[in-house]
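One chain, chain A, appears in both complexes that follow, with chain B as partner in the first and chain C in the second.
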Partner chain A sequence: MEKNLTNNIKSFIVSNIVPILFLVISIIGIKYSGVALPVILMDVISRMDRNLFLVLSLLIPVLAGMGLNFGIVLGAMAGQIGLFVVTVLEIPGFIGLLVAIIIAIPVSILLGWLTALLLNRTKGQEMIAGMILGFFAMGIYQFIFLFFLGGVVKIDAPQGIMLSTGVGVRNTIDLVNVKYAFDNIFKVNVFIFIIVLGIIGIIYSGLKLAKNKDNAKKYRTNIILMLILIIIGIAGQTLPAFKMYKTLLQIPVFTFVLILLLCVFIKFLFKTKLGQNMRAVGHSMEIAEVSGINVDRTRTVATILSMVFAAIGQIIFLQNLGNISMYNAHENVAMFAAAALLIGGASISKATVTQAFIGTFLFHLLFNVSPMAGKNLFGDAAVGEYFRVFIAYGVIALTLALHAWKKVVAARQKVKEAELKEDQDNKEGATA
Partner chain B sequence: MVKSYIEKIGLPRVIIIVFLLLLILAAFLQGQNMSMLTTDVLVRFGMNGILTLAMVPAILCGTGLNFGIAVGIIAGLVSGIWSIDLGLTGLTGIMFAICVSVPFSVVFGYLYGKLLNAVKGSEMVVGTYVGYSVVSLMCIGWLVLPFKSPTLVWPIAKAGLRNTITLDGYYEKIFNNFLSFQIGSVTIPTGLLLVFALACFIMFIFSRTKTGIAMKAVGDNNMYAVAAGINVNKMRMLGTIISTVLSAVGIIVYAQAFGFYQLYQAPLNMAFMPVAAVLLGGASTNKVKISHVVIGTLLFQALITIALPVANQIAPEGGLAEVSRLIVSNGIILYALTQSGGKK
Partner chain C sequence: MDMQKPILELKNIKKEYYGNKVLKGVSLDIYPGEIHCLVGENGAGKSTLMNILFGMSVIHETGGFEGEFIIEGKPAVIKTPNDALENGIGMVHQEFMLIPGFTIAENIKLNREPLKNNALSRVFGKSMKSLDTEKMKSDAKESLMKLGMDIDEQTIVKGLPVGYMQFVEIAREIDKKGVKVLVFDEPTAVLTESEADKLLEAMKHLAAEGIGILFITHRLDEVMAVSKRITVIRDGNHIQTMNTCDTDVVKIAELMVGRKVEKIERKVNASSDEDIMEIKNLKVSMPGELVKGVSFSIKKGEILGIGGLAGQGKIGIANGIMGVYKARGEVTFEGKPIKLNDPQASMSAGLSFVSEDRRGVGLLLGMSIEENMVVPSIYNFKKYLKKFLIFTQKDTKAIRENALKYIDMLDIRCTGPTQPVMRLSGGNQQKVCIARALTLEPKIIFVSEPTRGIDIGAKKIVLETLIKLNEEYGMTVVITSSELAELRSVCDRIAIISEGKLSGILSAEASDSEFGLLMSGINKKGDE
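Moving on, here comes the complex of A and B:
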């Protein structure tokens, strides 16, 4: 029994080594940053609010076997186009963001379709193609916003959008009209949020438990976990020791509801026929093709969905930020989202919603504490800043390399097995 | 007739050549200083040449386009900085930098080659991110490396290297000015072109040796190479090391013409220009000739050199040249990827 337990712990650590490692680094960072934990967490919550939707937009292509979709840069551009139109038309608040999303959706569908055309012609090299496509699209995007608008097509924009010459859009546009339009709808402190989440979880698990008895154990543990969550929530809400957390940690409910809806959608998608097809294509394109699945079409749908969610994600991101830097905001979207997902323990061919949550939390925790920790440890904040950039690139490089290596090993294994079998066949043939 | 000709040269190259001719025409009509532009094109052709040449061994040995030349660039930068820290000037300085960069880049290239052999089939995307990682890790390196020369270190903080390090007074333009002469008002940077030609010649000779031919066989047809008893991994390793060494030497030659060593984030996206140039010259992800390097670098550098003043006159706000560079170079790479990937 005891041995079993240590084995369990061992396998848990081995299978979650990446997030555990980053948790340790983050804890060291928190300690040396010298900043109070509630202040750090406040920033991390707002960063999760900003980024989660974008990180989740990477999930579908991963499961469809297309790797990390570095092409979501195009989706982010679509989101920015939507916000730009809304700012020019001066549509304020919640309606403004809705209009931005409505404009961004068809644009991102078109871009997603074009991206899929490219990715279907570069099978096996989707990631590098997606990356280069991102750079290429940035060129086109800059051409449109710097020279076409105002240069070829005159637009009637309010003050502060176009450059003083009248040709081209400014580098930074203030989003006064739509700033926080999703975030400020309704905020509760983190403990109430936890309690409500726990209650919903109990009701959900209870209903499932009543309906099917097969997974009874799983749902029972779920209910116990949720109860613990509620107790933590109530403790935080009532105990005076957590007063600072209570006032600082405000959850923007509407945005988090949007994020949760996307999670539910992804879970639901993979229960449908289409989702199952995506999984099959992700597993092996040849087998999927043979079993009558239209591989190219399935991959196209996955790419388009990812693009649309990236567009909405970028709108959520920018309404929280409060301004668009027209020519840079989209630049690192894919890289940071990919790094966050991978830090949560995802790989190039497997990722879950939970990994996206954990990864985003850890990545932005690290992002928040590393400059201060770098300053206190090395006497220079820049060390910490470069360190976090290195972490982002490094984790992607490492995961890509591991994935490719596993593929090579698997292929070698297959060849070996085939050779063995051939040998055996030959021998059998000889004896016969 | 025309169609077969276009097919032979390749559609993207035809488009780029037409575009380049239009640019030259526009430059004439705008009354740009053509002799100055020609000089610039020659200098940029020479200074970028070796970096483009670094693509050749990588493509020959079958690892594809080397998006990870940043690994070699870092080796070159470290040696260059060292030569300045020692206060070496003139030919001694640059020769020291080049000689030191070779062992550095051999070690780096060996490690990089080990990795690339483990990730067959995904070299390009892994290489890109390995390059990014190395550059961002070296950002911390530049802050903490114990160099002391006042040319290198920030004056106030007394620690951490400057973003750009001037070569003025060390070996700025030392190759450019060697035997340089004037034709009319066009300056020919003879030394620079000779260095590039020498590098190309060595590469050409190498590709004719037994090892070079074996390497080419690996890149051309992996199965055939295995059947012929060639050690594929060894050839890929050798190709990667040579590519890394060339990019280390390439960045030193680049810097002496440019006049500065650029540190920190500067090498981050340096791989994309040589990649685009060699593809423009007619290479694909598994076939390349030295002539592709020469033609590609010349076309690509002519394009972006002439585009700059022409675009600035059309749109004085600036940035149009940079935008067209983004579109052209990445468009070429995308086209090449669609040609090589395809259906399996």
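Moving on, here comes the complex of A and C:
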């Protein structure tokens, strides 16, 4: 029994080595940054609010076997186009964001479809193809916003949007009208949020438990976990020691509800026919094809969904930021979202909603503490800055290498097993 | 056959690919509850017949076929695999069409999942319907029970024993509603003996339920064990359909192989009694051509043929000895052991190899004839090089001389030694490969599938070239080929490989039935 337990712990650590490593580094970072934990967490919550939707938009293509969709840069551009239109038309607040989303959706569907056309012709190289496509699209995007607008088509924009020459759009546009339009609808402190989540969780698990007896154990554990969550919530809400947390950690409820809805949708999707087709295509395109699944169409739908969610994600991101840097905001979207997902323990062929949450949290935790920690440790904030860039790209490279390495190991293992089996067969043959 | 009607009838099926007749009037009928065996050598037309049966696109893209296709007494048109499915024809593939990461139930129900409605599906249509997991499980369970399989249908397929995977594959076929005919394409090839026995049991079981079974196999003992009737085809001809009880293994073997052999005249017999190479318990992990321990010796100066059906391991032997694929065992050449898994060691010892994969492993297509001929010599022996202190340069003069010598000797039709090899015809490319092997000045040359993909005229020249090498230069030649007739026309002795092991070695003059039996791996069991 004890040995079993150590084995379990061992295998848990091995299969979750990346998130654990990041947690350790982050804890060291927190210690040396000298910043109070509630302040750090406040910032991390706001960054998760910005970023989670984008990270989640990567999940569907991963499960459809297309790897990390670096093409979401195009989706981000679609989101920016939507926001740009809203800013020019001066539509304020919540309605403004809704209009931006409504504009961004058809644009991102079109871009997603075009991307899928390319990705279906570059099977097996989706990641690099998507990345290069992003650079290509950037050129067209710049042409439109720097030359076409104002240069070819005159637009009647409010002050502070167009360059002083009247041709081309400025680099930075202030989103005065829609800033925090989603975030500020309704905010509660983190403890109340936890309590509500816990209650919803208990109701959900309770209903499931009543309906089907198969996974009773799983749902019972869920209920216990939720109860613990509620207790933590109540403790935080009442104990004076957590007063600082209570005031600083405000959850923008509406945005998080949007994020949760996307999670629920993804979970739901993979229980439908379409989702099952995506999984089948993700595991093996050949077998899916032979079974009569339209592989190209399935991949196209996956790409389009990812693109649409990326567009919405970018709008959520920018309303929290409060301004668009027209020519840079989309640049690192795909790279950072991919890094966050991978830090959560996902690989390029397997990823879950939970990994997206954990990954985004850890990624931003590290991003947040590393400059201060760098300053305190090395006397220079820039060192921490280098460190976090190094980490972001390093983890992508490392995960890709690990993925390739695992494949090689699996292939070797197969040969070994075959040889072993063969020897055994021979022995059996000899005794018979 | 009682008074029952056949479920499936194929009458006088003819098919040609670009003027090359591959089926010349084959007829086949299957009755409910019957196990009907289809036997024939590689290239006899079995797979073309299966492609017709399943409406594969290769058939219809190349002009369709002639003949009648009748299902339950009515003419049927089958143009896509889906048509075949709807007409109740199922197929158990030789390679598993299973998704390793899915559960057994998910695999059995792949793309035929039972669905139920939900809020979104009413708006977005069928693809958003939820999977009915409960029904998936119960359906899968039912099919598995039919086969006598007691296994949790929620198990992930990855990691299951091969035999189980085969059963999951079959369960999927019988789960399809209204399956009337089930085709098993070499299903026992990948199974161990006990697994194969279980499979044959399951087949009988299915037949007893009224399904007609078409069983394609090369294991004649299995044919005898389960079938009711047997159809033999050879070179696209329908040779005979007979009742299993009226025949025996020897007769089938004879019918399978029987073909006139044109012996190419040999002037001298250069072979001696002295062994030049000894192979002991050689195992080669070449995918699709596993060699599972063969031992034999090669005599100095002989032409040895290595034959057998495709996928049985004959190709693996030369590849293993030459270090192209991972090999284990002992190989001694002229009394000295050869280091395995090291192509350079093999070549240094005086071995040379013409690969079956001419365009992949053999030739550098963009390079000239003369360069192709010397590449291995340059890298392995530092020949054809001029040295300038630490730098080396190609010795163009020597390279040119070498090329001219072999162009003349092998009669390579080209515009000159600088012509890129991709412009040459298949036969001439093959000759460049041989020239390349000869440039290494080997004592023994292994030639794999020398006539694959080249026309009849060129075939003869290539074979004559090999004989010439043997007769005039006393070189030992080992030819691996799927075409038995070809081996019998040039070789002194022929080793037959079956299921990765040596079935036996015969003289080229041995009878058809002897070859047929060895190819089916039957002699092997008789010996033990």
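Everything below uses one rule, namely that the second predicted complex is superposed on the first by the 406 of 432 C-alpha atoms of A that agree within 3 Å, B and C clash if a C-alpha of one lies under 4 Å from a C-alpha of the other, contacts with A are read in each partner's own complex, and residues count from 1 in each chain.
Going forward, a contact is a pair of C-beta atoms (placed from the backbone, for glycine too) under 8 Å apart; a residue touches a chain by one contact, two chains touch by 3 or more.
This structure is a prediction, so every number in the text was calculated from the model and none was measured.
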item	value
Touched partner set for A:V99, first chain B, second chain C, both or neither	neither
Touched partner set for A:I140, first chain B, second chain C, both or neither	first
Touched partner set for A:V415, first chain B, second chain C, both or neither	second
Touched partner set for A:I287, first chain B, second chain C, both or neither	second
Touched partner set for A:L209, first chain B, second chain C, both or neither	neither
Which of chain B and chain C A:D380 touches, first, second, both or neither	first
Chain A: partner with more touched residues, chain B or chain C	B
Which of chain B and chain C A:L260 touches, first, second, both or neither	neither
Contacts of A:K271 with chain B and chain C, given as first, second, both or neither	second
Touched partner set for A:A404, first chain B, second chain C, both or neither	first
In the complex, chain B residues that touch chain A	67, 115, 118-122, 124-126, 128-130, 132-133, 136-137, 139-140, 143-144, 159-160, 272, 315-317, 319-320, 322-327, 330-331, 333-334, 337-338, 340-344
Footprint of chain C on chain A - complex, ascending	268, 271-274, 276-277, 279-280, 283-284, 287-288, 290-293, 301, 415, 418-419, 422, 425-426
Chain C to chain A touching residues, read off their complex	81-82, 97-102, 106, 110-111, 113, 115, 118, 120-121, 126-131, 133, 192, 283, 285, 290, 292-293, 326
Chain A - residues contacting chain B, complex	118, 121-125, 127-129, 131-133, 135-136, 138-140, 142-143, 146-147, 151, 163, 165, 167-168, 378, 380, 382-383, 386-387, 389-390, 392-394, 396-397, 400-401, 403-405, 407-408
